[in-house]
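Both complexes below contain chain A, partnered by chain B and then by chain C.
Our next item is the complex of A and B:
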């Protein structure tokens, strides 16, 4: 009798039978949390203006998603944190002293055109925050390249403008970079801590690495994309970046400057827009690194991380298709 | 050979809205991106296409009983090339400044899918007057599309209309670059599809 009673309790259902605790909301809000150190450092170096720009980005991103979905009578998805994350990433990718309409326009392009018109979270081909930034950089080339000089202690209100380390490297070469920063040790130190001109969130490498460590600890990102990205940049900088011939370049300057750390750990690893197969992720990372260095060394822009990730986003589905493993026992289809 | 039973007004409307070259049929998209960075250029090309489309339709319809079906395509080609040469030389003479900017696209009208398609689909099977009306309607639809696209691109990209400055400040430079062309055409096509599906019960440009 007992076994019969148990048989009644059996529930027949389709898989999955065991569910993890992870949800989209949990992952998104954790990524937001992992960007907190970088945000705090940006306020530390660039003053209240940094908080204003980032906040405006987040606000307009969340609002545009909400208004779009409510006006189309769809369920609003602002609670899942992805619009918040897009706004935050866009804000951390902007220069400190932009006029108020730049964050607003960028967020609207990022959320509505890049994400929602393609079908919402999970269907976007490109990284929304990066498309927003690319749109702004091409639309307002002058305003988007005014970099403020960092001043510590949360007070900077009216900062001097200066050039980014990569900009100096492109214009004046390594010697001029040394003149600005003193010796090599000082240069590495200020690049690591973030005491340099640049986009809000990209400057402080150490804060970004703390955030990335959280993501690694939780298993939200794997080493495949970021490390193949960084390794390619390092090798190419060492081999081709030198001023006195091959294999004389300084990989550390290239690794620590620009938006590389932010891009490699937080944007190239976006689940939606990078390949989902491990082997493909390595190819994706190598491609990102190669295009980044190509733009930095030979292109017209001083920094190429954004365009590199966007270009490789196009290839992500192709990469996935080409590295798909064969089914066991499958026979190659013969050409007729 | 099906003979069109639509009235002239319906033919005109069909060309302008129902089968609008750019927004509904999605053909001849190359000029809609290349020359719509200003309303002046867009209008000039639209008028040129309207002229060629109307005249080609009329001529093909006149000759439809004398063209052997097997060689109809080269014949259409010759007729189109003839009219394109006329408009090309006319614009080169009387509209020199605009011709300098869009001259290449005037010559490329020869290869426009929309003109060829209407000659094959409509003028080859219908009487002269309906063919003329159809060609005029299609040309008008093309002109309309060019004007709408270039309106948004010039206004947002330069803050100007027909070269007159309207908005001061920083315009969205991207809109007058080719990227903006794709963006504007895509968004406007989506908008017209939405109108069609929402208010007329249509099925969108793809017709699925």
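Our next item is the complex of A and C:
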């Protein structure tokens, strides 16, 4: 038969024989791209040093993954963009002026200990970048809390230092915060644009929201985690954050400050470490918001987003197990 | 009439129906030789009724039933039996098959016509359907008379004709509805009569407006039959999804459509039922869509059961340079072939030839990143991500707790998986390792 010669070249594989176009690489590199506005704003406010710190984080993260995998004779996975993302996120979570070993140590902890030792992408329990940062904060508490002023565009290591808005709020209350920023309008504006002290990539809310919009547009994140996270923070700030009794707090200050926007849209939404089932993601988001506010209002640190996400990371598998999505045909009564 | 209904979740693959949708059904050439497997259906294989050297005619029974869940097989040409042995089939198994060398005369046995078929009793109808060897022609090939004989305690109130044809590329049912709408409706009426049911539906995906139009005019005047325009979404044509869309009833887990009072039959089956009951014609031919970028001239063909795929491919101009994969059925649930010398059987809805640029390798995949895409699309509301991870690590019993056996392997999870994991294969592996 004419077709016989062809027959032995046929590929036999399992169904389905067609696949969608989405790939892990495309997702990861898009998330990296979505953080570009925040990265640009960090350079704008904190000068070339910001690019140096973030770049060093990315370089160390990618290199540690590559060296680890090559030395264990495994296939290197640095092309999938996830190590790059961990480095980028760690960089954006660091204060502007840290010595070179801080990014290096943080990245190694994030990549080797948090991600690869647990089995690599998909098997890590905790968000690698956040464990890297938590490790640094606990090991180098002084270095990790030196906050440069956001005006230090071309100044480097000798930049003037100040306190973050949440730090001021914790130490001196709302009055002192007002003294520093003028009126509430100016304060909101500074928080929105990012002209305030803080971690490199967390300050410019507007830049972060532009990136988040891209992720929503591509369907890579859904509203479940970020909105339940933000809503819980907002409600708790309003209900419990006031200085003159319940329901007098200013939710907007809390929503725009600290690492909340960066955390809620880019870190808590990490596929691997948050629940996979949408209903579970809402519980996860509420948990993140509640712990964040507990720490901000009652805890020893001015900011609680990092610890909140890490704590909720522990619960993610448990949440997934308990909220199993509604199965087709699992209903008892039939509509007839 | 004219509602757009659907189920929850599901996917929107590229459909590529345009390759063959406009091609009228043409008769395939009389094959020189046919290979008729005695088991083309779910259930016990038929028993060969002929010996080597016997002369047979078109429509003659060559394999008889051996039990209730079984279906006879017929010769689709006239000629001489030259072999009875195991031959490869499209699902990959070797099956005992009767090989008939044609005499080129195409002589038929006499078919018993019955113009008064609407006055037949239910049992007579079922007997004719059984003797005609009719099985579900959507792919599963479950004997139709068994489906029409539910246990006494199950009350059936609805019959749905499945014209969704949600598998990408395939257009066989589409063409049948456009070209033979009246016959399909008559088939539906016969099925309703056999079940004593007074409510009929025909569900068609909205991407086939000409079929919807044709079926609507064919049911004009039939007050108890409704034509539905269904959302274009895979797997809309899965029985459970179809029933959900049209009747808003959910077949309970581990249950069957009859548990919610519904019987679903494919468009092709309805036509076969009509031809058997009205003209006495057994199931000896079916419409097969030959399509894909890897075939020179896509077509919808009326093919005699037992014709080798290689014959059909040749009549469609052969494979193009760079054709890499031949699939029996659709791209989502069909079977890849290692040889074209396998016969078209009662459940063969299509021969799909993928060219290089349509082919996606499933060899390389990475770990699950738990993006949850599969959970968002699983029509059964399962957690395919967990099922694949558990199966990959050998935790088959644990997979059962995640409702492993509710998966009907539609492949939606694998389609959307960014890590390109062979989800369906993991699930099949787990299913093979534990008892339901």
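Note that in this section the second predicted complex is superposed on the first by the 299 of 336 C-alpha atoms of A that agree within 3 Å, B and C clash if a C-alpha of one lies under 4 Å from a C-alpha of the other, contacts with A are read in each partner's own complex, and residues count from 1 in each chain.
In this text, a contact is a pair of C-beta atoms (placed from the backbone, for glycine too) under 8 Å apart; a residue touches a chain by one contact, two chains touch by 3 or more.
In this text, all values refer to a predicted model and were calculated from it rather than measured experimentally.
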(request) Could you look at A:143 and tell me whether it touches chain B, chain C, both or neither (first, second, both, neither)? (result) first
(message) Quick one: is A:135 in contact with chain B, with chain C, with both, or with neither? Answer first, second, both or neither.
(response) first
(request) Name the contact category of A:244: first (chain B only), second (chain C only), both, or neither. (result) neither
(request) Between chain B and chain C, pick out the one touching the greater number of residues of chain A. (result) C
(request) Please indicate which partner A:15 is in contact with in the superposed arrangement: first for chain B, second for chain C, both, or neither. (result) second
(request) Identify the partner contact of A:71: answer first if only chain B is touched, second if only chain C is, both if each is, neither if none is. (result) neither
(request) Name the contact category of A:105: first (chain B only), second (chain C only), both, or neither. (result) first
(request) Considering only the touch criterion stated at the top, classify A:120 as touching first (chain B), second (chain C), both, or neither. (result) second
(message) After overlaying the two complexes on chain A, where does the chain B footprint on chain A coincide with the chain C footprint?
(response) none
(message) Using the touch definition from the top, list the residues of chain C that touch chain A in their complex.
(response) 8, 11, 13-14, 168, 240, 244, 248-253, 255, 260-261, 310, 313-314, 318-319, 323-327, 331-341, 352, 354, 358-363, 366-373, 375-376, 379-383, 385-386, 402-403, 406, 409, 411, 414-420, 422, 424-425, 428
(message) Quick check: in the complex, which residue numbers of chain A touch chain C?
(response) 1-4, 6-7, 9-20, 22-24, 26-27, 77, 80, 119-123, 271-272, 276-278, 320, 324-331, 334-336
(request) Note which residues of chain B are touching chain A in the complex, please. (result) 170, 172-175, 177, 179, 183, 187, 190
(request) Note which residues of chain A are touching chain B in the complex, please. (result) 105, 113, 117, 135, 138-141, 143
